[in-house]
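One structure follows; several queries about it will come next.
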Amino acid sequence: MKDDAPTALDLPMVDPLPPETQKYFDICQDKLGMVPNVLRAYAFDIDKLNAFTALYNDLMLADSGLSKLEREMIAVAVSSVNKCYYCLVAHGAAVRQLSGDPALGEQMVMNWRVAKLDARQTAMLAFATKLTETPHLMGETDRKGLRDVGFTDRDIWDIASVAGFFNMTNRVASASEMAPNPEYHAQAR
Amino acid sequence: MKDDAPTALDLPMVDPLPPETQKYFDICQDKLGMVPNVLRAYAFDIDKLNAFTALYNDLMLADSGLSKLEREMIAVAVSSVNKCYYCLVAHGAAVRQLSGDPALGEQMVMNWRVAKLDARQTAMLAFATKLTETPHLMGETDRKGLRDVGFTDRDIWDIASVAGFFNMTNRVASASEMAPNPEYHAQAR
Amino acid sequence: MKDDAPTALDLPMVDPLPPETQKYFDICQDKLGMVPNVLRAYAFDIDKLNAFTALYNDLMLADSGLSKLEREMIAVAVSSVNKCYYCLVAHGAAVRQLSGDPALGEQMVMNWRVAKLDARQTAMLAFATKLTETPHLMGETDRKGLRDVGFTDRDIWDIASVAGFFNMTNRVASASEMAPNPEYHAQAR
Amino acid sequence: MKDDAPTALDLPMVDPLPPETQKYFDICQDKLGMVPNVLRAYAFDIDKLNAFTALYNDLMLADSGLSKLEREMIAVAVSSVNKCYYCLVAHGAAVRQLSGDPALGEQMVMNWRVAKLDARQTAMLAFATKLTETPHLMGETDRKGLRDVGFTDRDIWDIASVAGFFNMTNRVASASEMAPNPEYHAQAR
Amino acid sequence: MKDDAPTALDLPMVDPLPPETQKYFDICQDKLGMVPNVLRAYAFDIDKLNAFTALYNDLMLADSGLSKLEREMIAVAVSSVNKCYYCLVAHGAAVRQLSGDPALGEQMVMNWRVAKLDARQTAMLAFATKLTETPHLMGETDRKGLRDVGFTDRDIWDIASVAGFFNMTNRVASASEMAPNPEYHAQAR
Amino acid sequence: MKDDAPTALDLPMVDPLPPETQKYFDICQDKLGMVPNVLRAYAFDIDKLNAFTALYNDLMLADSGLSKLEREMIAVAVSSVNKCYYCLVAHGAAVRQLSGDPALGEQMVMNWRVAKLDARQTAMLAFATKLTETPHLMGETDRKGLRDVGFTDRDIWDIASVAGFFNMTNRVASASEMAPNPEYHAQAR
């Protein structure tokens, strides 16, 4: 792939980008110091980019009984099962930043079970991991496990949706050899 | 769960539905004879419903080098790995309808390898299955396998995206015990 | 394989069939509207055919604490683990017919855990599935689980024997690419 | 289980045994110095015993392009995948006796790949092992692999049937905790 | 490999061996009737041989809350998971010798769960097996399981260390195709 | 475990440490700014500590056809399969330091296949990974794969030995919940 290409697929960005998209990318550049490669990867087709970002923003940023950090923890734990380099790098950095705890980010990447988490977050990650590994074995017992530590049915939906989303995006990234922006590596260490 | 509830989670639909949503559901009822339960499941939050349907419609219905039948074949082959009852029932029916070949639908559900497919579709389903089972093993060899039978890089993106999408939705359905509408079972047999 | 051959192996039926065998096949044709391909596959050697049918008939049709439907449910649940196209098609049809419940047949094929079964049948299928997937882990705890829901030791033998039998026949069918008779697909939908 | 019971299930032998069965058991005692526990286990129901022995004798003793030793090698290689104590002990002894090579028996039990086999037997065991582990992946390539080293289609049927049979009997033995006769251990060492 | 070579790698022993090593090998020959091939395999580099034997002797022969037989049982149970021919042959013989129970040696090789062990040894082997198969799932619950049947923290360390050691040596043996000395096969049958 | 304890086992260090050991720990403190917890963990028994460090130093620091970086790459790739937190943290830091390439360390932790390696290092890590995951499948083909990219038989031994060693130490660390020194996290980022 070309040095700067976000994936191993030859799918150049729309050029020029529509003004809305350009504005969104400019905001990323300003706030994050980069345009995340996942956005550049989708930008060969603006409808696909918009559908992806709408779903992503709803899941990861909209109101939820899960904190943003918790959603990022799920993202990394799921990506660890699937060994997705892009997502582990990008969302591992997010866990480090949101938690202020560099070791927590590493634990989510390497084996979340070693982290000293409370019962709520343990149940949340156990559910997300089982859902990733053996979705056909999920049942009422698993949902009860979440309710028992205080999650609502809406929270269960959100845990499943975030876990599901990264099972999707892990595969798009792995299939296309999506490269994480190098800026992530040193962040919040 | 209540007899008519689309999932085992207590997440009732917004009531009344916004006019746009109601109109969409009415069209489903007219054209399909039902509102697919996945839409009723998401309708507890209209933003989530809209984000889901926008992504779904782009992937499954928009222009692509993959036919609609091929995208449904990927959907079912992926759902077979994940043993997702909702998606196997709903998209198995779609394969039967689009192909006019009831046995093909069963083959996608049971073991796609027994189907008598050409090299293109065999490569497509082999890629989607490997991406589902062992995403971390995907590499240039796998992409080359698709290019060798005539797929473009855009097609590869679409194969990965459809496979990825059903890895998401299989998990949301399995986690929430989403029930397929009974109408699917007898369709196109 | 030839269009009409029951498997991908070149093993033509004894010709002419012995009178006993011909009579058996005629009865099949009358009662079922077809001679199941598994019988045609074995008919290259009448001793093998007879040994197979004697075992099959004893297991699936003779007296047992398990109903015929329950034995067919085990057949399909086991064949689902092994993804055996022949057995899923043929015995999926049997579950639909014996139960009068098309959805139950689909559930056994796709993921038996989604079916609304009582404790007895749930334990029965859990035992058969574990025995299929990890036979070396079976132990007294598993047998106790069956006894606790009312199964006798003779019933346990029958569950194990039916599950075992389909672990055999799934493999003969998969190794030989046995094709299910097309008549099954539309039955009892 | 009682000290002398062949399994952990309370299924006593028919008493007295029918004359035919008693005669068969007497022959075993004379020729083998024991009645194999698998026969004693089935003897709670003579029809089941007869169906089992008819199939067993056809597969393991009747004419075939596979030698008796080769069929026993398949038996043990399959039982090794399934970790079936009964079958590994009983058929491991058979491999030692038929081959006159104690190490060969151990290799079949422990990991057949370490044995110095010719291309024919290597292909035979590779097929039987794959059929045991991942029956849904079998295809024309696997059959071609056997034909390439000289096996006929009838031989392929026999390899699949023997492998299939032990996938059945491994599970009946494991589910019932069938105990191998102690005489086997020291045989042909 | 040459008929007498201990592995498939061309790594001849230092020649002549240093006096200390020669003396050690002479003692082996006297006491065991052979020099175990693992020692001959390492003897291409005396530092490596010494490091290996120092660790081995500490783990398997030094004082411990585990008996020597128990350490050999762990060795074989671990080697069974990894299907290591060398270690199963050599340490299977050790279990037979130390226990005076040939069947126990076979059970450790074939499937330790069928052995009639007390709660202590069952817990010990369950821990060692889980540690071998899924080390990332080990946690406080597993350690508590050992403490509950009377193991001390030092014992837990020893169980883990012996299980770990055979996970190492199984892999060195398998990678190099290490051949067990033929003398082991008939020992203590 | 106590805040400062190196593992979850109550195995305090010998106190005072023997002068040799104390001197070794002092050197660690001077050169590394810490005493690695794996050494503190073993220091409850000085013979065990010495056996461990002798083997470790021979494998990781002595002359070899593999560079020290290559040995650390194997260490991390193996530890990634086993999801060993201690080893991933400690040896991930070593890869970053020895290579001067922080991304390389992350790639070894997350999925080594995404790294842009030459044929030699790719073959080396493929061998180490297969040896970790399925040691029973190793054979001459795998050794030939290493020889084809220039490795000698001695190099093959070293690859197998390093991979084997981390399969041991991953399990000791996981069983005892060994905690990596916090200093590693920020090193060489």
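Think of it as A, B, C, D, E and F in the order they're written, each chain with its own count starting at 1.
We take it that a residue touches a chain if its C-beta (ideal position, glycine included) is under 8 Å from a C-beta of that chain, and two chains touch if they have at least 3 such contacts.
Model, not experiment: these values are computed from the prediction.
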| item | value |
| --- | --- |
| Steps needed, at fewest, to go from chain B to chain D via touching chains | 1 |
| Chain separated most widely from chain B, comparing mean CA positions | E |
| Geometric centre distance via CA averages, chain F-chain D, whole Å | 44 |
| Between chain B and chain C, centroid-to-centroid distance (C-alpha), Å | 29 |
| Residue numbers of chain F (touch at least two other chains) | 83-84, 111, 136, 139, 177 |
| Every chain pair in contact, whichever chains are involved | A-B, A-C, A-E, A-F, B-C, B-D, B-F, C-D, C-E, D-E, D-F, E-F |
| Interfacial residue positions of chain D with respect to chain C in the complex | 8-11, 44, 47-48, 50-52, 54-55, 58, 62, 82-84, 127, 131-132, 135-136, 138-140, 142-143, 153-154, 156-157, 159-161, 163-165, 167-172, 174-177 |
| Complex contact set, residues of chain A against chain F | 80, 83-85, 88-89, 102-103, 106-107, 109-111, 114, 177, 182, 185-186, 189 |
| In the complex, chain A residues that touch chain C | 136-137, 139 |
| Chain B residues touching chain D - in the complex, by the definition given at the top | 111, 113 |
